[in-house]
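Sending over a structure as structure tokens; questions will come in a sec.
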């Protein structure tokens, strides 16, 4: 049941993008097409899960063990940056097709606060390893859901007559706002 | 030094070194070579991504140029010779200067000259109209006036003149990308040489009908009388199927044909006024000094109308 | 200035240098700020205690005792004046808030009467649930001077005596839940 | 480029939030009030200026391949410093800004400026650039925070403006949406339109 | 329940004013101008020149390829000139202009009125005869009929479908033909069956022509293998894909032809023309044309010589109404608006419809309200609102994947759109762009 | 002779226009309006007038002065939005809040996207949800239906049946005890209950549905799929435990299910284009509505459910297509 709560909370109620404001830059930037959004969502899921596991271990067995929890930010980001590179390299070797699909998004993820944010949140919430993983996966799904729905909406925006001044990013924000408004309905679901 | 500081240093350095080692191997193993000149060339291109060069976007063009041995088939109409020279310099290759071009509209069939015989009531698109029938007038070759060319111009260089119902090119803004030429279903727009003072002489008509038919449909039609061909001292004019064409490469802008044309189908643009046949002119020639392109479109229109003080002797 | 080459040694050395300097600086700064950070945390705690119990002359935060309740711990801070217990501040919690966890400091007089309440931590919605804080509204004042023995710590909808925050029954319920938990623990054995 | 231009571009022409759309998470996340926005903006400015300074100092010593990791470490150090300092001296604000302080590290503006500007320019220009971009960012956040605070709480910098009618309990009936997530997006959307208009006008 | 196609469709006001007017023969015009391109495919080559004398039924232009058709003179007289004249295509096209002198027929033509039932020719000979006689589909597409009958090796046709649907509002030429020339038509169908070597033919007729249905049902008893089917009234049932689906529940694959599902579709008029060509040796030089319209004094059906000017028909039907706003070659759903009434009748002219001014302009256009009415009326299962937008934005790749090439240009979407959008206009634009791309890809 | 008109085919048009469709919706809404006025009196009139007038005014002002288009308020869509907005709010809502809601509905949700036909979210619902979140107190003070009266903001308020149920379940009461406090199903059917002004009378709304179906304004798929899904979902819950879950009929007759399913989910602009898509859309709305009602914080969820599914419409449209003629054969 706890896992269910984590999942529903992360995907719908406290959606990482629409309620927590994490990963907004790619949300706005990489969402003009549904297909690319799906690729981005896949890449984020991948990195987010691995990063959460690694940072969890780092936190428990290095930072807390040595009493240097204040070094969280710097170590986490270093690890994430290295990890993204590593993933890129391994992927290139192991699965060129997957690399083709996710490759272009990987560099973008380093500076995506969603990954760092989820890693830090998992620690803050005192989750155990399994819970952290579930938390990361659900957040990634929440991110993907928001991104793909949003990309769908933006594709439609290309086909309608948006007033000149609103075209592009402003209308994207407006759509995001209304999407967030709709998602408020999930409030209290957990 | 306290243990905290020590631990801090040790752990961070350890993480740092691990990262560095990983990155080093990454750098070693997966080198991807991309010619840095592509970036350099792309940087000097106008980034209009208009496709006027025939390549998908400016980067595609840069890529193709870097790979090519000979730059002569390449030309960026937006950036012009200057850009091409820069690109050549980066690539260490030679380019020939190309004459700058500008789009001209080869139809003067405004409602006063060309009577409307039908009313079109379909989608506002020249291509759609032309698929349907020959147009609202008796001339099946002329401009439909629904502005497909205006829509495709990325540089706002064409607008529709409300009075004549014909498109007008703003020479200063036109980059000769050729988008309008492709868009016009009746091939009315031509890219012609642009000389220093923007002077041009051309037959502003595309009607291939025989003289009588053409003249009946439109007062300023080329009737294929060949007078201009005979009078041209430079052999610049050819006659094809009752339509005269002035070769811009041969034409020396002597203006003899303009006077000769009985219908006024030949336009001379941006010439000082001439005192011939003034009495037959429909529109008095007011030669305004060529205005700088003003920023707002309304202004543009005004200045353009001055630019187009055509010799319309009907 | 020529760039350094990306040779293996250079890369590792550079990163090592940077991480070394960075960590040394940070470690040093941490040592420097450790004191003030702890102090400011303590100040916050003391401030909260002072708000919820009558005047005292001891340092309650140094005489704490704890009690495990409902899977978490309540912390008690007895406040004395002239060696007489004037009140006890209880740090209590609830997970039933609209957005989960809420942390309150409830001050009880020795007879169990609520002296005052302050909100330490909450994530309730601005404009709705956050009216429980004193900064936003006077709602929580209704608890002051009430003894839960006769004043039922439940919202009126649940047949209690507490008027809920308008449109925020959930937050109000949660608030009552936390106060009630503190009261029960205090009466059960928290009184020392 | 004159230093003034270098400084001022961050406010309008290359404003991180309104024009470049960078650093959006803190922009949306912390701007429930003007003061929060300003605090976050200033914290970012500090990191930006310091990292620009350090990066432009050491730029020639860093091999290309480890440029990004090195920059990240430098930036992360300053972020951690801000964290520690704020925790120690402005704990209330620190609590309000919460998660978004460590996230300065991934704020694309900071790394972006280090990459695009400081690693190519001299120390002085880099500092000026950092100040310009940072204060521009702070300005954007303060404006957004201000708008959201006025509409959502009826106050500005905590000052009650008495804009909204009071309800039965004596609290102002404000548009709470604006301090919640949807309001952040919507307010920013319209602000961008406004700034675009102003930028276009001033360009003429 | 009556058969019909399952998806989409509209039911415009029928307006069949001329349904009860017996086919009259139009008096000979003074001159005719016969375009040398009246069919889909390569334009034929004129084989007469100025000054030549021709008789009715003489070949005046020769087929210029397999997909092309011969053109025969519809009158006797002198060729005045071969020149470009405005025709119903809206453009000036090469026409043979003939001054009518008397009415002298080519001797080979059997002008007797008797019904000739037995079919003496073999299948190959029939097809040759049809080719020779310049027969093209009279259902509107004017596709050379012999091409459809020449089934490629490896393909098997098992049913002939005769299109007597006439789902276009106003038009009644097929209806009258089925009433007045039923026997000839049935023999024509037998000829076609023989040419295709099939032993089953289905005639599909919409239920709004009960007289034609009962008339034919009475007659088919004598013609083994031919069946008459009444169909629910639903436009565009006459489209061959829809008709095949309605009658034999086979679905012509996207991009495919009827022969992919073993069927060939011919119009009733074509069947009649085949009868005349094969049994009477009479090439295609006249056809039934409906002249109708709300304000037309005398909505009529005429037997008209190809090349006769439309003005003559209008005169014969009581003159051009005062309030004329639009003159349409064909029906209101698929017909083509004429930019002049001086143009000649051609093989594809099944009717001339005169619309009053108040019915001539389109609805005011506004933004698409996404009501999905266009989607639900599209018999091809397309999404016109989307294709319209994609065509405007020139998103050609997407247009292709969204199936623009499947559009049969029936016009139901434009007809129904409450926002008055010119959906079909853009669909055609999209189709032409995409087909260009497809063609260039093949090269 | 006149100049001949030339246009590509077709040359005849159906006589439905956007205007006609919209006014048909207005007509279909009249029975519900009448019942609201009967139960809520003056308040209903004030609220409806305010909403309609301000929606029309905002649309006109924005088109005239900001977008510089030709105003098109006569097309009736703003009036529909206005009426539906009014139908979704209690009849005691202060005028200024209604005006703010109209501004959000028209200005933010509709005109910012370019007006009729371009908005991805249902304007009236955006307005309503905006108000609900911003002004929860006012938006949840439901006047008691008393028969025609002149009270407006001073109306006596009470809880809606759904509110009573949510409270009751929250307080651990049994369903039968809760049902005693709630009007009978028959009363719910003709609208004798507290709630938003337009949602109370199922019978009037169904009358509107019948009219719109008859006039071919809408198709049955969306309302049917929503109602079916809610029936099945709540039916399952009810069968599992009738003491803590209300029966399906109760769920259908209370709250905005009927209003939402008939008038708001069917908004052309914000609903899918294909029949299959409409089913997916309706089922989604049904599931989310019940989830929010049963598990969420709000007693009623249909507004949110419709808005959430509005967001999915583009995806539905691009992945759930009508069956193309000749398609299977090609693939097979």
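A, B, C, D, E and F are the chain letters, set down in written order, and residue numbers restart from 1 in every chain.
Following the convention adopted for this analysis, a contact is a pair of C-beta atoms (placed from the backbone, for glycine too) under 8 Å apart; a residue touches a chain by one contact, two chains touch by 3 or more.
What you see is a predicted model; the values in this text were computed from it and never measured.
Common neighbours of chain A and chain D under the contact rule above are B, C, F. Using the contact threshold fixed earlier, the set of chains in contact with both chain A and chain E is B, F. Using the average of C-alpha coordinates as each chain's centre, C ends up farthest from chain B. Separating the centre of chain C from that of chain E, both taken as means of CA atoms, is a distance of 86 Å. The mean-CA centres of chain B and chain D are about 44 angstrom from one another, to the nearest whole unit. Centre-to-centre, using mean CA coordinates, chain C is 30 Å away from chain D. Rounded to whole angstrom, the centroid-to-centroid distance between chain E and chain F, based on C-alpha atoms, equals 48 Å. Within chain C, residues 6, 11, 14-15, 18-19, 22-23, 26-27, 30, 98, 128, 166, 170 each touch two or more of the remaining chains.
For chain D, residues that reach two or more other chains under the stated contact definition are 65-66, 69, 73, 76-77, 80, 84, 167-168, 174, 176-177, 180, 182, 186.
Residue positions of chain B touching 2 or more other chains: 4, 8, 11-12, 15-16, 19-20, 23-24, 27, 117-118, 121-123, 128, 131-133. Here the touching chains pair up as A-B, A-C, A-D, A-E, A-F, B-C, B-D, B-E, B-F, C-D, C-F, D-F, E-F.
On chain D, the positions that touch chain B within their shared complex are 65-66, 69, 73, 204.
Taken in their complex, chain A has these residues touching chain E: 158-161. Chain B makes touch with chain A in their complex at residues 4, 7-8, 11-12, 15-16, 18-19, 22-23, 25-26, 29-30.
Against chain D, in their complex, chain C makes its touches with residues 1-7, 10-11, 14-15, 18-19, 22, 25-26, 29-30, 33, 36-37, 40-41, 44, 125-128, 131, 136-137, 166.
Every residue of chain D that touches chain A in the complex is listed here, in rising order: 21-25, 27-29, 68-69, 72-73, 76-77, 79-80, 83-84, 99, 102-103, 105-108, 111, 177, 180-186, 188-190, 192-193, 196-197.
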